[in-house]
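Okay, handing you the structure first.
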Amino acid sequence: MINRRHRRTALAAGIALASVVSLAACSSGASNTGSTSGGGATGKDPAKFTVLTANENPALATELKNLAAGKCKAENSALPLVDQTVAQADVVQKITLLASQNALPVQFIAGTSMVRPDGDLGKNGLVLNYETALKKLGVWDDILPAAASTVNSVYGQMVSLPYQYNIEGIWYNKAIFDKLGLSEPTTFDQLMSDAAKIKDAGYTPFATDGADAWPVTRLIGMYIFRSLGPDAMKDIQSGKAKLTDAKYVKAAQEVQDMAKNGYFGSGFVSTNAAQANNLFLTGKAAMMYDGSWLLSNINDKSQDVIGADNVGLMPFPAVSGGAGSIDQWPANAGAAMAMTPKSYGPKVAAWLKCIAQNYGSQALQDSGIVSGFKINTPVKNIDAPTKMVQQKVSGIKQTVLWFEALMDAKSTALAQSNVSLLTTGQMSAQTYMSQLQSSIEANK
Amino acid sequence: MPEMTSTQQLVATNTAGRSRVRTTASRRAARILRRIPVWVLVAVLLIVVLYPQFWVLMGSFKSQTEFLSSPTWSLPTHFDLSNYVEAFTRGNVAVNYRNSILVTIPSVALMIALGVAAGYALEIMIWRGQKALLLLILGGIMVPGQMILVPLFIVYFKIGITGSLLPMILTYTVMGLPLTTFLMAAYFRSVPRELFEAATVDGCGPLKSFFLIGFPLMRNAILTVALVEFFSVWNDLLVALTFTTDPSLATIQVGLLSLNDQYGSTQYGPLFAAVSINIIVLMIVFIFLNKKIMAGLAAGSLKG
Amino acid sequence: MKRVFGDRKTIAILLGPTLIVYVLLKLVPVCWSLGLSFFTGNTLSGFTFIGFANFVKFVGDPAAVQSLIVSIVFAVLATVGQIVLGYLLALLYVFVLRKGSAFVRTAVFFPMVLPTVAVALLFRNFVSVGANQGPINDIINFFGGKSVEFLASTIGTMGVALAMTLWSSMGFYAVLLYTGLLDIPDEIIESARLDGANGPRLVRHIVLPLSMPILLSSVIFSLNSTLKVFDSLLALNNGGPGTSTSPLTLYMYRTAFDYGDYGYGSTIALVLTLLCLAFTLTVFRSSSRKADA
């Protein structure tokens, strides 16, 4: 009996070991061939133009389908569009899996750090360099220079198409401002005194989505950019500065003070995006720091109770004596939408050309989406708020990113998970910054 | 011979009767009074359990602004069905329900079929190593499900079935199998062996013994386990997320996620509409199954 | 008899399919994944062997130790709550409500039907403060207290998470234990009653010992599923505030899939498996000791 059990256990162990080894061999990674490749259509056309978008962003899939039925009909009949979706929370896992099986769609949403030169996709040569590709196709001018510069800053290379181009600022309720005799503040101290007046009048100064954390870390980042200049976070990545330097810590301190003074309203830590939007759009809050994606809520009559004409957008004010200036708008180009050189064949290239030439006008016309593509066909009947944002976008000379933009995935998560401890006073500004700094250094 | 005279007997019985009547009336009153705390308790229990679901149902008729601005318990201003319409169009709810049903029912059926057979083999049949094998299967309950997702995805991809609902069905089956087998073995253990041995004396072959005796005996257990596994598969999110490659494969749980926008804002109305449909459909299934479960459980209690 | 109950062919037919599915789709992937705890990397970048380095890292990793504590605390509290509440409900059904229990039983079971995402949303709304306060804070105000922002503190979040778990699963454990209580023969209860045992004494001396087997199975089942809690803590407050309500499963998921280190993620999963094993064995051992006594 003992012998048989031993034999059986040995057999089982042997099988397990064999399968471990074989499966590990089967799924070993792709070879390293440098950061990007692109340019001429050197890849092989697949059977379909598969595009993987986020579940939560149906507008992109819709607009591509509209292009396929309209302006890009010819390209579509040569290579039909197939839309696939993935939940935003699942992107990194899905893409890693698909990439390891050589099954990446033609165009796909990817995680921010994945497409950087040192990311999993970047260092394995799995991302196409759009600049070279679009230049070869002669349509590089269809990408707005501001958008191209933002994409390059965030990802280190032009590996994403700017299907969205969002700026961020402080949306404010003009009626409340007029009622209290306030005008757009130009310095941070003015903003704080305005907030105090607003609070005394019984409104919530800032509607804040504390549950998602990033709306709060945005404020820390903006203070840093205004106080230390647009390269402040780049200096952290390169090691020239540390988050524990006095001026960086001050930014965290200011945001903590804002929370302490009640400028974010009560219960903001568990307020989610929908609730924060509602607070602002029903006039209970006077201001809200958010991006231009709020336009879709503002233009929705059922959500926007205060009226579209009542909504203004102002930039985050300057910090007195700071190295940054108020006209450096924070901008982002949405999630990374990359292509892989392996499937970049001539038919895909044709699709890319058609998208670059037509997406801008199509998206603006249909869904009021401001993208980083040039508007080649004039669009009529744009909503007033959208027009306002578009005008601001066209006047942008220099952009800044956001607090976690250049951080690795783990530090980004830490920055966001700790901020609620910072704002509720459970963690000091010094501790917040030093923990974050250690994480950045550990994950370099 | 100290017998009671008939008079004494008559007096005795009468007195006893009268006191019995008095006690019955007061006892009935006392019983009702004693029941009041019970009724209060049950009422509180029912409110705690049912109110939130009622709240979800009411929420499905509210617009986003109305939901966020008016107090939580307020009733909707009008009962329009626009949220349901939106759930069906943008939320793709019909396809999601179809997928959920197509995935859950085969998985549960497979789990039960395989689990009951295995439980029988591991508990009723006699052979060497059965205890060890049972423990090995029990060990399967202890491993977190996330760990098998990646290797399974790779395997399914290599054999080319990732474009269908098959990966989900297979994965759910294997994830529910250890618990089902273990529970079935436990229920089999509670049945006295004499029942099975009697059947063999009657000349029943081993396989026949299983189908004619074992399987039917487990009717209650099967219904209970099926119910548990049904909900565990229906409400699962992680496996469905991993194996859903395009929207036509999404189950209802994945579909609910798409009612968020990319910046984290949730469309409450359509979300509650989708969940309310979930509640109503499952309530119907439940009421239908409940009769069977009640009959099964009652039969089981009579047996005891 | 041996011929019938020892028949190899029948065993193979009955056990075979299960065993094949189990080995191919569970055992092999689990061994592969757990074997990877000696490596680092992911499926895209490849794996490199690093021996026991991951385990050493785990012991020294404050986030890992914190998730371990969160998992254990949640599992113990949730299990105690679920089993106690479930048992009390089962007793209510059997002894107090008797025939009329069907409706209450179904109603209390029903929360199990709701998806975790919806339940978390529900509870978030019920405990919210500020402009659109939820009923819980309204009740607190009614009794004269100040509104509490539950989700801003660890204890508050944990409390809400436990309430959420109990709300949705007490009905399930009630039904499970109820089925077990039904198996107790009526004669035993009657004879105990005649002997003068009533109410709590009846429960303690007769009902409890007789329903021990199903109680133990329920405890094991509950421990194993609460140790692997994932959806509820994630959906409620994203493992926050900070990472103070992140259980091992969430930490493992983030490490393997968000930060791309599948090897370390496997190590965390291995620790979790060992934890489940430890708890299960403890319950088994204490139960067999009780049986011996």
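We just call them A, B and C in the order they show up, numbering each chain from 1.
Convention: a residue touches a chain if its C-beta (ideal position, glycine included) is under 8 Å from a C-beta of that chain, and two chains touch if they have at least 3 such contacts.
Just so it is clear, the model here is predicted, and its values are computed rather than measured.
Undergrad: Out of curiosity, which chains are bumping into both chain A and chain B?
TA: Of all the chains present, those in contact with both chain A and chain B are C.
Undergrad: Which chain pair shares more contacting C-beta pairs: A-C, or B-C?
TA: Pair with the higher count of C-beta contacts: B-C.
Undergrad: List the centre-to-centre spacing of chain A and chain B in whole Å, with centres computed as mean CA coordinates.
TA: Taking the average C-alpha coordinate of chain A and of chain B, the gap between them is 41 Å.
Undergrad: For chain A versus chain C, what separation do you get between their C-alpha means, in angstrom?
TA: 36
Undergrad: With centres defined as the mean C-alpha position, give me the chain B-chain C separation in Å.
TA: Centre separation, chain B to chain C: 16 Å.
Undergrad: By residue number and range, which residues of chain A touch two or more other chains?
TA: 23, 27, 90, 93, 97, 100, 211, 272, 275
Undergrad: Return the residues of chain B touching two or more other chains; collapse runs of consecutive numbers into ranges.
TA: Chain B, residues with two or more chain partners: 68-69, 150-151, 154, 257, 266, 268.
Undergrad: Name the residues of chain C that each touch 2 or more other chains.
TA: 27-28, 32, 43, 132, 256
Undergrad: Chain C touches which residues of chain B in the complex?
TA: 38, 41-42, 45-46, 48-50, 52-53, 55-56, 68-69, 71-73, 114-115, 117-118, 120-122, 124-127, 133, 137-148, 150-152, 154-155, 170-171, 173-175, 177-179, 181, 183, 186, 190, 196-197, 200, 204-207, 209-210, 220, 224, 228, 231, 235, 237-238, 252-253, 256-257, 266, 268, 271-272, 275, 278-279, 282-283, 286, 290, 294, 297, 300-301, 304
Undergrad: Which of the residues in chain C end up touching chain B in this complex?
TA: Going through chain C, the ones touching chain B are 1-11, 13-15, 17-19, 21-22, 25-30, 32-34, 43, 92, 96-97, 102, 104, 106-108, 110-118, 121-122, 125-126, 132-135, 167, 171-172, 175-176, 179, 182-186, 213, 217, 221, 224, 228, 230-231, 249, 252-253, 256, 262, 266, 269, 272-273, 276-277, 280.
Undergrad: Which residues, counting only chain B, touch chain A once they are in their complex?
TA: So the residues of chain B in touch with chain A come to 63-65, 68-69, 90, 128-129, 132, 150-151, 153-154, 157-158, 241-242, 244-247, 250, 254, 257-258, 260-268.
Undergrad: Which residues, counting only chain A, touch chain C once they are in their complex?
TA: Result: residues 15-17, 19-20, 23-24, 27-30, 90, 92-93, 96-97, 99-100, 111, 120-121, 123-124, 204, 211, 265-272, 275, 279, 284, 409-410, 413, 417-418, 420-421, 424, 426-427 of chain A touch chain C.
Undergrad: Which residues of chain A touch chain B once you look at their complex with the stated criterion?
TA: For chain A paired with chain B, touching residues are 1, 4-5, 8, 23, 26-27, 54-58, 82-90, 93-94, 97, 100-101, 103, 209, 211-212, 272-275, 277-278, 281-282, 291, 293, 296-297, 302-303, 305, 335.
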